[in-house]
Structure formats: C-alpha cells, structure tokens
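Below, subunit A partners subunit B and then partners subunit C, in two separate complexes.
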Partner chain A sequence: MADRPVTLSRHTWRTLRARRRQTPLLVVAASCVLVAAAVLMIFPGVAPHDPDLIDGAVAFQSPGSQYWLGTDNLGRDVFSRIVAGTRTGLLGPLILAIGTTLLATLVAVVAGYLGGHVDALTGRVIDVLYAVPPMVVAIVVVGITGGGWWIALAVLLVFGLPINIRLLRSAVIVRARLPYIEAARTSGFSGTRIMVFHLLPTIAAFLVAVFFLTFTYGIVDLSALSFLGLGVPPGASDWGRMIAENRAYLFQNAWATIGPTIAVVLVAVSANVVGDWIYSRYESRGRTR
Partner chain B sequence: MASGPGKGVSRTARGSAGPNPAGPALRFLVGRLLGGAAVLLVVSFALFALIYAAPGGAEQALAGPYASAEQRQAIRETYHLDDPLLTQYGHYLRSLATLDFGASFLMREPVTVSLARAAMVTLPLLLSAWGLAMIGGIALGLLAATRRGGAVDRWVSSTVVVAASTPMFATAILLTWLFGVKLGWLPTVGSGQGGIDTLRHLVLPAVAMGTVLLASATRVTRSAVMDVLDSDHVTFARSRGISSRRILGNDVLRNAAVPIVTQAGGLLIALTGGLVVVESVFAFDGIGSLLTQAIGARDVPVIQAVTLALAAAIVLINLAVDLAIFGLDPRVRRGRGRG
Partner chain C sequence: MSTDAVPSQPAPPALAVSGLTVRCPGADGMVPIAEEIFLTIAPGEAVAVVGESGSGKSVTARAILNLLPHGLESEGTVEFAGESAGRRPRGRRGARIAMVMQDPFTTLNPLHRIRDIVCETLRTPDGKRLGRRERRREAVRRLAEVGIADPAVADAYPFELSGGMRQRVGIAAAIAEEPLVLIADEPTTALDQTTQSEILALLDRLRETRRMALLLITHDLRVAAGVCGRVYVMYAGQVIEELPADRLLTAARHPYTARLAAADPPLDRRLQALPPIPGSVPAPGGRPHGCRFAPRCGWATSACTSDPVTLSDLGTGHQVRCARVGESLDLTHTRDLAEVTPGPAPTGEPIIVLREVTKRYGHKLAVDGVDFEVHAGESVGIVGESGSGKTSVARMMVGLEPVTSGSLEVRGIDVTSSKVGRDGWATVRSTVQMAFQDPSSTLNPARTVGGTITETLRLTDVPDRKARAAELLQMVGLDAGYANLRPKQLSGGERQRVAIARALARDPRVLLCDEVVSALDVSVQAHVLNLLNDLRRTLGISLVFITHDLAVVRQIADRVYVMKSGKVVEHGLAGDVLSRPRHPYTQSLIASIPAHA
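Now for the complex of A and B:
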C-alpha cells in the first residue's frame, strides 16, 4: 500500500500539492467537526426549544425568527431536534470508531507481530468476513431481533472490523520485519513491550485513518438504519428518523427533511476530510524520516 | 486500499502452480465453488438460528394478533415450530435441497415468484447504478491521474472526498427534493408502469446509488493509474519515445485493470446494502423493499430467501472478480502471485 520506498522529490511535490488542494475544504470541515462536537457537549443550552414538545397549534411553521428551521407535523421545533439528534447521530459513530480502533489494533498488532498460525487463522477469518456487507447484516439482524440501537452498533462493529484489521495488519507486517524490531528482540525486550512501544507508534497514522473512516461509516450506516426504522425508537430526535418521518411532508416544510439531511452530510463529509488530512500528514511525516 | 479481496487468489494459485495452465484454474474454480456452498450453508444456519431465537415467531406473522390459542397451536404444529432448532433446520435444509423456498406468509404465493418479480425490478436499477459508477469513475479517475496536480485533478479529488462520504439516502432525499419537489422533472415514487415510464422512474434512484460509488470508483482508478504511471517501466517506455496514448493503452490500463476490477466487484457488493435504503426512499418494489417488508411483517420464508439470494449473489460476484483477475493478470495465472 503506502509502504513502497518513495523518492524524496516525489514525496515533497505530492505533499505540497495535497496541502494546496485541501486547505479551504479542510478549514470548513474542521470547523464543522468542532461545531458538532461543541453542540454535542453543551446541547441543552443550545436548543432554543424543547425538542420533544408537541404543539399542534404551530405545526408546519415555515422557517422564521422563532422557529429557525420551522416546525414538523407535530409542531416540534426542527432546529432543536437536529441539535438533540447529535446524541445518537454523533455518540453512536464515536463509540463505533473507538471500539473498532481498539479492537482492530489489538488483533492486527498481535497477529502481525506473532505471525505463524495466529496470523494465518486471523487471515482466514478476515477473508471470509470481508465480503459481507455490514449494512445488509445489520438490517436483517436488527430487523429480526427487533433489537435496538446497541444491537445495530454491535453488528456494525463486528462486520466493520475485517477491513480495518486488514489495513492495520498489512502495516504491522511490513514493520515487524524491519531490523529495529529484530534488534529489540535480540536485546531481550518482551513481546508486549515491543508491540506497544516499538510497533504501535509507527502505525499511528493508520490508527487515525481507521478512527475517522469508521466514524464516517458509522454516521452513514447508523443514520441509514434509523431511516429504515431500525435502531432508534419511533419519535426519537434522531437524524435518520426525522428524515424518514418528515419525508411525507416535503411540500409543507421541506426544511424538516432537508435540515437533518444536511446535518448528516456535513458531519460525515467533514469527518472524512479531517481524517484524510491527518492521515496524509502523519504518513508524509513518517516518509521523510 | 486497492489490494482488496484478491489476496485469496494469489494464495490459491500459488499453491497449485503447474505446467498445465488449465489445472490450477480448474482446481481454483472447484475450490471456490465449494467454499461458496459452505458460506451459504453457514448463512442459512445463522439466519435460521436468529429467527428461532427472536421474540414473536412465525405463528404471529401467520395468524395475526387476534388469533386464538388453538389457532396458534395448529400453526405451530403445521410448521414444526415446537421441534428443537436442529430438527427444524433439518426440515428446512431438506426443502432447500429440492429448491423449495416455501410460500410467502404475506402474499400467499411461492417465494420464488415474489423474488423473481422483485429481481426484475431491481436488476435494471442495480446495473444502471453500477454502470454509471464504473464508467464515470474510470473516466474521471483516468482524467485526474493523467493530469495529476492540475485543476481537473484538484477539482475531481476534492469532489470525490465529499461524494464518497455522503450517505446514499441523503443523496436520494436531496435529489427527490430538487428534481421531484422543486423542479418537478422526474417522478420520485414507485418503479413505473413499463417502457419510458419505467426509465423515468429509474433515473433518480440510479443516480442516488451511483453517485457514492462513482466517487469510490474514481478514487481507486486514480490511485491505481497513478501507481502505474510512477513505475519504472512507464518511465522507460517514455524514454524510448513511445507516445502517451500507446503507453496508456499498453502499459497503464492493463496494469491498473486488476485493482479496478476488484473494486468493481466490491462496489456491486456494497450496492446490496444501499439497495435496501434507496428502494425504501423511492418506494421501488425491488429486492430491497421486499426484504424490509418481509422483516416488518415477519414473513420468514421471504426473509430467508432474500438473504440467501443476496449471499449467493455476493459469492458469485467474488468468484467472477477472481476469475477476471485470473484472466487479466498473467502473474496470477502462472501462480506467481501479484506484485
């Protein structure tokens, strides 16, 4: 993958090009991520209305000074609901991203370092699971069990792991064969110590990539699941749910549907752009060394 | 990330290198078919066990909420629902072996009929979305890679990052709003009444599904082509004075084909997940809607048949990709693995 020897000139040139290309998009994306994170943390203070307050008298209000994005069919404030939607909309992907990064790293580093039977077995399991589309499994499993949000999260976590383990494992295998690892082993360092202090730091860029890729994938898949009515209960202020429930009223107040759609797109795209950038920075730093 | 599921190929091929090129190919094919059958068996059992363990069983779907206790009991006996899991699964496997998928609880017709009807709606959608993504993606990727660092490349690359992380249903909703509500150009609900009408109904779902995949196809093509352009043999060909056009045809495309084909299969598989969502947005009566309806109504035979059909499709796509790579890459064919 990115492990071929690279000539310095090409690398410098590529980095320069990448920086020039990514700057404006990156600034927008980074601000979106920061705003989303801020909203998630101080959400009750930001929402101008109670997101779950039903008031038939103000149903289908157009966007205005009182209801910034108007109200839905039950008179609930759309903007406040989008704000409240950060709970499931961002926390779920965050849990997914953290869980995937930790588990994938653990498996990849141990299998990649130990090699032999452990690695072969891991490879086999990954090969089988790799072709399984997590989304289809999630739809079937959550649909049949009638299980909620946590089951959806668990399924996406398990079936999202193979691609990430594969990515990290290939990075570990290349590094585990380098002379400095051999030297550390000869010096009598324990396997754990070599894995944690000698291997792990060198794949930091890949960890960041895995984290942000999984985060994006979590936003996309979890919101798609709740859009299908799987995961979060009906009426919850969740972006996917809001889109599904307000879709029938596109003519009355389009913002009740378009608003959460834009929220999903903005956060997913921003996370991806930021992850892409951090990854390329880390990676290029590793290359110059 | 281009070196995708092809790894299994090289390993299999390497293990059976022989002087006769048909030998390893045949052995490879048989091995993969057996593997595929095993995968389907595992999927069918996992699904069966899941349905067995789930609350609110098939008798509720068949009898509805108002059935008496005796009616329920009668249904449980007809469908062997009180047998232990493995016995039930045995019954199920025996009927599967005779290609009997059962009858839909909901539509009171053989599942194969429902499945075939839905497939006829889904296949055109799937193929047009996939075709759009592959043709557009390869064209854009080539364009960007051959003009690396230029305005086109920068524009394509940043658009791709945005498009690749936009959820399919979000694209679908935005398209519905723009072309259905604001402009009123295209129908946004249903799958059409045949002829031109069907085509018109196909446009928005196909674009919604195709956009995300077009982005990933572009990304993979671009990096695959750039990798080849950076290689020594291209530099050498240039230094010999061979025209850029010939280099592109003879060296670049042939070498970049393997990751692109791998990606093409991956995209088709990724489409199966998107299918369910996009069909739900556009109320398209295809496989995806069939699955969501069946899940909502606990229509067990349909759930089983659709899931098995999807699993079989995935196995076949992977097999097709591996065979294509076998044909495309002489290194794999001769059992030397991929470089």
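Now for the complex of A and C:
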C-alpha cells in the first residue's frame, strides 16, 4: 500500500504531460482555421488596401507600416492580396471537399451495401480512373478548354473521387455484413433507410477524414494548378499564382513569395490537425468494441 | 495467515507462483486486476484455473509468462522447479515454460511453413539453427507426437490446415523445447466439440509421457473437471476456491463455485430453470472490500462485507475463501435441480416449412437438401459443428441469403419465388425475426438502446413507440432506464437481451436464435436461456435455436435437428436424439463431451 501515492502521481503526470503536448497545437491550428474562415467571410473589410490596385510608383516596397508585407512588381499590396486570396484559396478546396465527400459517400454506400453487379461496375470504373494521372489530365483539359478555375476544380473533383470511394466503400462493406445491419434488414427496413440511418452514422469518422484530407489536398493542388497558370486567370489574387508571379522578384521583395507560401502551408496543416482531432472524436462510433 | 498451498510433494513444484499481483492503470492510479495469487503445480500434474470473464485468469497466465500487455505491472514471485524466474528476459523463460493460445487461426504465422513453425526455437548443440532437412525430419517426428501422422503437413502452410490441426501444430511448437510447464489458455474454445475432446486428450497424453506440468486456463467447468486433477476457481481477481477436480461439480464449498457449476447446463436432462447468478462480476477498481462475491451471494451476512476474507483450509487440498465456511450452507448443486420433460411432438400448424433446400456458395454446397419444419409454439434446436450449414439455414429463413434450390415457405409464402413482393416480405418479416451470435456487433454502436428499439417499432403500427420500447425492455428483464444507454455501456448478456427485445419488437411468431449464448459466460448464459424459455411460454412464440452446444440445446429445444456437412443426419424429439442417438455422428458428438459428474 505504501507505494500507492507514488504510482498515482506518476500516472497523473503522464496524462497531464500527454495532454499538454496535444492541446496547444490544436488550439493554434483551430485558431488558424477560424481566422482564415473569418477573413474569407468578411473580406474585403480586413484588407488594408485594394488588392488589385496597380501603382508603379510603389513597386517593390519592403514590409513596413504602410504595406505590411511590402508590394509586388506592380505595386500591389502583398498582404491585401493574401487576404483576397482566401476566396480562391479556401473556397475552392471547400467546394472540392464538400463535393468529394457527398459524391464519394453516395457511390460508396450504394455500391458497398448493394454489392453484386453495382459494386463490380463501380470497381471497374474506379480502376480506369486510377490508371490516369490526375495532374496530367488537369493540365491537358485546362489547356484545351482554355482553363478556368471551375474547370480545374472539376478535374480535381473527378480524379479525387476514386481513392475516397475505395476508402469509404471498404468501411461500408465491413459494416454492411455486421449483425446490426443484418438485423435492420431482417426487421424489414428499406434499403434506403438502412443506408441513410443505419450505415451512414457508423462511418461518420471516415466522412470527416475524407472531408479534411480532400480539403488539404485541395489547397495544395489548386495552388499548384494556379502556380502552373492553369487555375485562376492571370492577375487574380490567388496564393498559387502569387507564388508563381513573384518568385522572379525574390530579391526585390521576398515576402511577396514567402507570404502566400506560409498561407498555404499554415492553412493546410491547421486544417489537417483540426480534422485529425474531429476524426479521433468520431472514430469510436462505428466500432463495435 | 498462510495462503500458501504447497501440497506435500517431495520434489520442488514445476511451477510455484506466490503473491502474484497484477495492476493496470485505472481512473485514479494503478488498480489491481489479479491479487495475491498463489499457485503450485507438481511435475506431471494438470491444474485448471477456471473463472468467468473478468476473473483475472488470463492476466495471471500472462504474468507467469512475463507476457503482460504494455502498461500492466506485476509483483510477486514465479519459480520454475524451485528456481526463481526473477526479471529474466522472456527468451530465457521460453525453455521452461510454454504457452498454447486460444485462437489457432491467428497464432501461426501464415507466411511460414509448418516445419519452420515447429522447429523455430530449436538449435543445434553449438547454437545454430537447424538445417532445412533436419528441420523437416524433426518436424515430422514432432508432428507425429501430437497426432499428425501425415509427413506432408510439415511442408504445408497454416491456411491449408483445419482448426484442430493448427492447434496441434501450435502445441507441437510450444513443447518443442521440452518445457517444464505448459500453459494452455482456452486452447479448445475456438474449436468444434469433437476436435476439442481430441486436443484435450492430446494435452493429457503429453503431460503424462513428458512429465510436463499443465496449467489449463478455461471458462468451462466440464473441461476443467474432465482433464485436470486440481482446480483453482477465480473470481474478481482472487482465487476463491482450490479443490480436487472431482469435487468441482458436486462438492464445491464456495457459493460462487456452486452456483457457477449449477448454472452450467447438464447434458443428460432438461432443468425447469437454470439457476443464474444475479448481478455481474465487479470491475477492477470497483471490487467490494469484503468478500468479492457478497453483493451477489444469497448467503451473505454483514460479516462477509466488513473485512477481506482469507482462504481457509478444509484439508485434502480443499481451500475456500468464504466467511461462512464453518457453517454448512445449503448450496444448490446441479443434481438438486428440478427436472422437466421437454415438450411433446408438435401439434400446432407449421409456420416455416423447408423442402429439399440447398444453398451453394460458389462451388461449395453449404446446405444440401434439407427438410425442416417449425410449428406454432414449439422450440426447435439445430445442432452442428462449424461448417455444418446450420447458420445458412437460419439466414435463408429470414431472407438474408437467397435459396439456391428447393422451397422455403413462411406462413404459406414461398420466399424462393421471384414474386414475393412487398406485402409478402412484410408478412415474412412480421413472422420470423432473428437474434445474432456476436454480442459486440449485434447492436448499432451509433445508437442508444432505446433508439434501436423505437426505430424497429416504426415498422409496426404501435402508437406509442417509447412506451412499447420500455415494455419490451421489461420483457427481456431490463430496466426502462437502459433505453438511454449505448451498446458500449452494456455487458455481453445485456446486449443479447436488447437484441432479443429488438427482434420481439415486430411481434414475430418465430424467433431465430443463432448461437446467441455461445459468446456469453455460463452464469449469463443461464439468464438468457431462462429468458428465452419464459418468453416462449408467455408469448407463445416458436423458437429456432441454433447452437453447437448439446447441453444448451437440451435445456431449450423440444425437437432437435443434427446437421453435418449441409445435411440433416438425425432429427426427432430432444430426449430421444440426445439420450438415445441413432446416427453415429450424433453418438460421436455426445461422446466427445467431457465427463459430467
């Protein structure tokens, strides 16, 4: 009995240390996501300057009190442009994530639950899509159609689907054979009802994972397409495009390149951390033990 | 006070465990799971540790082997042949002690050939691994010792072998280094009845020929009594009784042991009701200060709850941890229980009729021309080993699997025809409902208990679903408050009750129970079996009870079908089939059940 307080405190310390290690990162990441979302919603109110105002007289200003991150080669305020960039930088991935999650869930649940021919057909279509490299197709399609942000988004959506359908389908298949789903079948519920009300809640964690992973990839991929000049039109305030346009002027104002890079990395990492946390909170729901 | 239990033996015991305590991290500090365990086994002796889940028996075995899961701490001493194991690394223990695990399907590395698995630990005298040819020769010899005569097995991979063969290989690998002690943790639980008796006989033979001590961890009192000489009974982390095996089922002196033995259904007769044990095993951290069993014990007095109870010696190797050991308590034993005769031949109209039904999965014929009937109000058992097709029959009856050929009628509706239609299925669903085997996945983890039942009630025209759900929970012996709990918060037995309540929600005329008690502890099994018998009486429903356990089917079925390889080999009244089996397969099934006192 003598050693009991010792073991107790040792245990308590271990938990505390583990918690302290996790929480600040989550707080920082969540704040980043919230700030980015807030900026997206109340833009252009927070931008100190007009992001598209060209003024050759103030080209290549260094960061200072007037231009917080300096100006680019055309005298546009870098900070304002980063703020304006949330529109494409966040809205695009958001649309992508929502679209992918909805479509992938629909296909995966129907194919996984019904099985048989439906599942086999879906599987073959996915196989075909897998064989095609998405970035190359994106470049070609955008090149042929003359580009545009929506086209880029659509290509990324189509090619992001297969892996997510696979992921969700495997989760669905495992659960569709479990007694609680079979019990719903023997009770006499319709297939639709079983899919929506019985199956879907148990794969909630996977939906969260798909959503946030697609969002993160979306940020990076859309920026990459913009960087290659295939997303937004030239001159638009977009993080990827800013990096592409300003990298030639690294020595005049490095912040014009570093600023949007930090924005991409920060938002992507933060979204991932937050997504991870939400996933872990839902994770146990579909499990049976 | 001495709790040490060294019997008078000249040689040092093969295994001596004293003061073994295992702790796990709990909500506030380390909580003991197993406490102050004293065990001794003489060379060549077979000893069983029996207990239900939560008794701490497996964790005790793992602590002896120094195989505790991460985070668990143990103290106390473990000695092999008088030598302390100390904090010796695991590798050094290997030679003296070996273990056979429960699940033969996952204990053998699927990528290794049998000869490599069996000879993995063997070395030449100069410490080198054996050459390939030697490994094969050695493996063939050792496989023969565990009853595998076919030398080709040495070159096979685990997936090519049956469960029983794999367990033999597991045993051959475990005893490769000629250990002093073999610990077998539920070695036959995952196996079929007939295989089980073969494996137990093998363990017994090896123990004798090798003078090896055998420590058998099991939940099955019959197995313990049949194979071992001495038995330790564990409850809530303590050894509560140590006794010669022949007394286990008839002369136990601890109320828990007696009740556990009584809750174990007998094979030879049908009891009016199995005496269940109320309550549940207390979790580590929440165990009572006094006698651990006191809250569930009918004989508990204030003396039982005030102080921890010590083991008292009754002589002749019998020790009991009971405060009232001096008095002669009127403990109920199986032989005292009232017997009933099972129901007569069915008189009600047939509800489900199967004619020449077959079921094919790819090339495998799972069900081969089965004729089967369920009449109103009767209780039918389907008995068979794994792969006999019994579950496929059940799944076809509720429409979970299509019938390959033959006819299957539920209340006159032929479900094999393509035009059953919505109304037809509605009739089938409201006639037959099913309860499933695995309590851990039978309920949707994302829903509350009440949610699951009210959801199902949507399919009926019950006006007040909440009230009806509470009523259904009451029917299966659960408080209405359970409606707000999630499956995770329930024990296995409670989950099965909820699953039965869900099946009853549609007010069926036939309730199909597919191995509903096979994953439950004996005392909980008794609860569920009694519940099913009660429900049948009060609701007048028919039961189709699918099980591998002949003793269980004896307690519940009026008529029995015995299945083997997709065919019904014998059927008839339960008493006739189980007492006077005519088919050789049924006879071998019954003969394979460990001797029951």
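Definition applied: the second predicted complex is superposed on the first by the 260 of 289 C-alpha atoms of A that agree within 3 Å, B and C clash if a C-alpha of one lies under 4 Å from a C-alpha of the other, contacts with A are read in each partner's own complex, and residues count from 1 in each chain.
One rule holds for everything that comes next: contacts are C-beta pairs under 8 Å (C-beta built on N, C-alpha and C of every residue); 3 or more make two chains touch, one makes a residue touch a chain.
Nothing here was measured: the structure is a model prediction, and the numbers come from that model.
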Which superposed partner A:268 touches (first subunit B, second subunit C, both, neither): first
Residue contacts with subunit A in the superposition, subunit B compared against subunit C: B
Touched partner set for A:258, first subunit B, second subunit C, both or neither: first
Touching partner for A:220 - first (subunit B), second (subunit C), both, neither: first
First (subunit B), second (subunit C), both or neither touched by A:198: second
Which of subunit B and subunit C A:65 touches, first, second, both or neither: neither
Subunit B/subunit C common contact set on subunit A: none
Residue ranges of subunit A in contact with subunit C within the complex: 4, 7-8, 11, 178-189, 197-198, 201-202, 204, 284-289
Residue ranges of subunit A touching subunit B (in the complex, touch as defined): 1, 10, 13, 17, 20-22, 25, 127-128, 130-136, 139-141, 143-146, 167, 170, 216, 219-221, 223-224, 227-228, 240, 243, 247, 250-251, 254, 257-258, 261, 264-265, 268-269, 271-273, 276
Complex contact set, residues of subunit C against subunit A: 23, 25, 28-30, 398-400, 425-426, 429-430, 432-434, 436-438, 440-447, 452, 455-456, 459, 487-488, 499, 502-503, 505-506
Residue ranges of subunit B touching subunit A (in the complex, touch as defined): 1-3, 5, 7-8, 39, 47, 50-51, 53-56, 148-149, 154, 157-158, 161-162, 164-170, 173-174, 176-177, 180-181, 230, 269-270, 272-274, 276-277, 280-281, 291-292, 295-296, 303, 307, 310, 314-315, 318
